[in-house]
């Protein structure tokens, strides 16, 4: 199949970017979206042009590196998938595809479709962990975790930190990402000792990065490749409220 | 050249005794030491976090935008530990024995025993960190059996064990970054190692965003940069996985051990066309209910469901009646290659075999199959567009893991003092073949529980002064790295990097993949240097040095693969036996089984660099088995 | 106090203010509707009820001040949040598909702002006597109390004004159909189990408020409620 792409090109964070049109020819429906871009890039290189920069690594939907907004939807029209797992059979011959980077103030553009998501790392650094040092921990079975709690924690922990939630949210809010980590750790008995401090400092870090607020629109949940539920945002709100009331 | 430093005495006491003998660094002095950790996978992140907790100053590097994205994230199955929670007869000794045997008797007893020993601590550590392992209704940890083991010792977090373990280590790392103990350098690639007066003193890196090449000095350097499966172009590894860090260290004098030990995974989604950029692994558990077959006739054109049973060849059931579809990884992989070589492969390109659930669905009903493998079927459908409930899946083996790596002693130190290598990057524990769910265990054992002890011994006894990046050697190596980068950009030839990588990969897969023979390896050894020469004359890398330039990063990695591939083939040629992941067609039993030669090849082949176009020198570390007896395996 | 400022300084905390003030306004709207529906019981009942409220100045002013504070908090917070949200995405998407987000959720700010305009107009209309000063002079022929019934009927006999009310009630319903559900989420009261119930409750209450409130101008227009 043959496609027309309109791709955001931006040399670096300082220079303004613009859209450039490219033709993608002879695309097989079995290609992944990234493989389609590989083909376009090979052509660009052969023509002596700078290939389109985009982030990717595992190409199997787990590392969270890839991500672009395709025709207005983070990770593309399917929903609940990563860009690397989106395949060209989702599109039709002759389609016009607009490709943009994640756009959010805390995710500055580095080049073309590559953005800087280190804000997520800083949020985790603020409290997204259990403060245990290596060694001296009790036997794994000494801490019993009821299966429903373990399952719920796992549901939340499945987040791959791709940032699609931010990209999709009209408010560029990082609630779903932060809520997933807060809920993962605050649901488990191991995480209870620090639960109040954790939620307060993670939310503060999130605010300091400049992410938007949640108006409960649900786009984040719909594009999230790991289908992290809005329920966790509710849990974070609850934990935060409680922590706030308890704090001095 | 060699001192494996394996402690003496009974296996069970070695590690304890050894730790007692290791020198300690005074706590107040620890913060005076800078330790460089390259890699933030399970091995790197766990080491960086632990070293920082101990008080060392840590600098940690990774090429991804965040340490959380290291390829460890992709591991699905689980992690082994000799907890014996099931009371099914597991023990440290049994895990040790299984690992040695699984490795086809090509690993070091003392290392493997220690691995089994600390495996139990890993689970405790990870639970404390909040890794959401699967639980029973009672609240106790759940287990499953994995990779043909006869005991249930695999811990798992759904199908995302690697992810959860990595996030645990990543969070520990983040905690230390937040506390100021670790400086994290994401999007930074190590280009070279700096060795001064025989000691590892630092690294040269390129900031992938600004393109700036700079030096970092440290009192010790830890490489945790993962495996080199991408030398085959197509593998289950992430696109960025590379050999650069360890290969550069090799070129600076570190020994490269057993590069030819590469592992194939039998159930991957086959290549669908020339555009293919990577392969995706499907859990091996599928083979419990699926039946593997190909058409009897080469060139069969009918759709799978139209081929009657009489025209199908269930070749695994035919050749290995007792194990059937569950024959071990390497055996079933080679059998698939064989039938495809006969022209009976299915799907585009003829490189695939059917994994058919038709019978299972008729027997158990579609719902049962959906319950067992629903998510795998979904993933398969997403990638191939096929509904495996209706038509048989197509699978084919792919490169998955590399057992070889830099040579290390019992302390995980390479032959260059001050250079430590951990995780998949070293050669240590898996011999010629790794058991399922053991790589995660090894990475975390190295990072949490071994390296943090052993590195102190070196630091405490170190006599060489503090390194500085102003040293002439740093300047020299930095300039070499810059020059190489500029050279790659200046060629402006006609072939893209991918083009070269793809050709190299194809060559390696055909001549040095699932099965190898002398003629093929010699062919590869002739072709690789030609390809390398052409690369340096005709590669086309666009863009500029001082910016984010993914083609340039890629070109540097492929340039190293083009040298390293030769070493891999050389090692494969040199090892005139079949063992584990290394299958030499000349050395097989009458029924196609690997034929080991313990007499002549029970050693670690450790290669020493002599120059790019010169044959490296091989040093043999003999493998002495005091505890276990070498046996030949059989799966008939 | 300290806790309030601390709450207000965080994104989640602001949402607590939104939710609580929104809840107060929501409860008022319901109570107000119930009061207004007395129009169907005739002038006597309605005027007596209005008089009853006004004869209790402490209650009246508590409610009035409460409402005013709630409204101010709600609006100020809403505008602040909206400004922050805008700042979080300085560069817009060329194509922005509101993936999975409901119409009501995307237009909550617009519906809120129009509601604000409505409230101002409504107060000028019926309470402050700005648009129709004579309204405040109307007296119930029997009791001599302020004739709220007549005011309502006269007020709604102009189809343009009624039309504006009806449109505003549509927006109110839209605002609440999302807002009431969202309130529970903001306070962390929504769970997987009660999710569907809450969504239904929000939509249903919005619908009831829409029908209840609109029925009044419509009844006046079609002559079902008329001057007696």
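Chains: A, B and C, in written order; residue numbering restarts at 1 for each.
One rule holds in what follows: a residue touches a chain if its C-beta (ideal position, glycine included) is under 8 Å from a C-beta of that chain, and two chains touch if they have at least 3 such contacts.
Everything numeric here is computed off the predicted structure, so don't read it as measured data.
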Touch-based graph of the chains, sorted into line, ring, star, complete or other: line
Innermost chain, where centres are averages of C-alpha coordinates: A
Between subunit C and subunit A, distance of the C-alpha-averaged centres to the nearest whole Å: 37
Mean-CA-position distance for subunit C and subunit B (Å): 63
Subunit A-subunit B separation of Cα centroids, rounded to whole Å: 27
Subunit A residues touching subunit B - in the complex, by the definition given at the top: 11-12, 28-32, 34-35, 38-39, 42, 44-46, 48-51, 53, 55-60, 62-65, 81, 85, 87, 89, 110-111, 114, 116-118, 120-121, 124-135, 137-141, 143-147, 150-151, 153-154, 157-158, 160-161, 184-185, 188, 190-191
Touch list for subunit C against partner subunit A, complex: 3, 6-7, 10-16, 81, 84-85, 87-102, 105-106, 108, 178, 181-182, 184-192, 195
List of subunit A residues in touch with subunit C within their complex: 6, 8, 19, 69, 71-74, 79, 98, 100, 103-106, 168, 170-173, 203-204, 206-207, 210-219, 221-223, 229-231, 233-241, 244-245, 247
Sites on subunit B touched by subunit A in the complex: 46, 49-50, 53, 64-69, 71, 73-74, 83, 85, 121, 123-130, 132-141, 157-158, 160, 163-164, 167, 170-172, 174-175, 177-178, 184, 186, 209, 236, 238-240, 272-273, 275-278, 280-281, 348, 382-385, 448-449, 452, 492, 494, 496, 498-499, 540-543, 547-548, 550-551
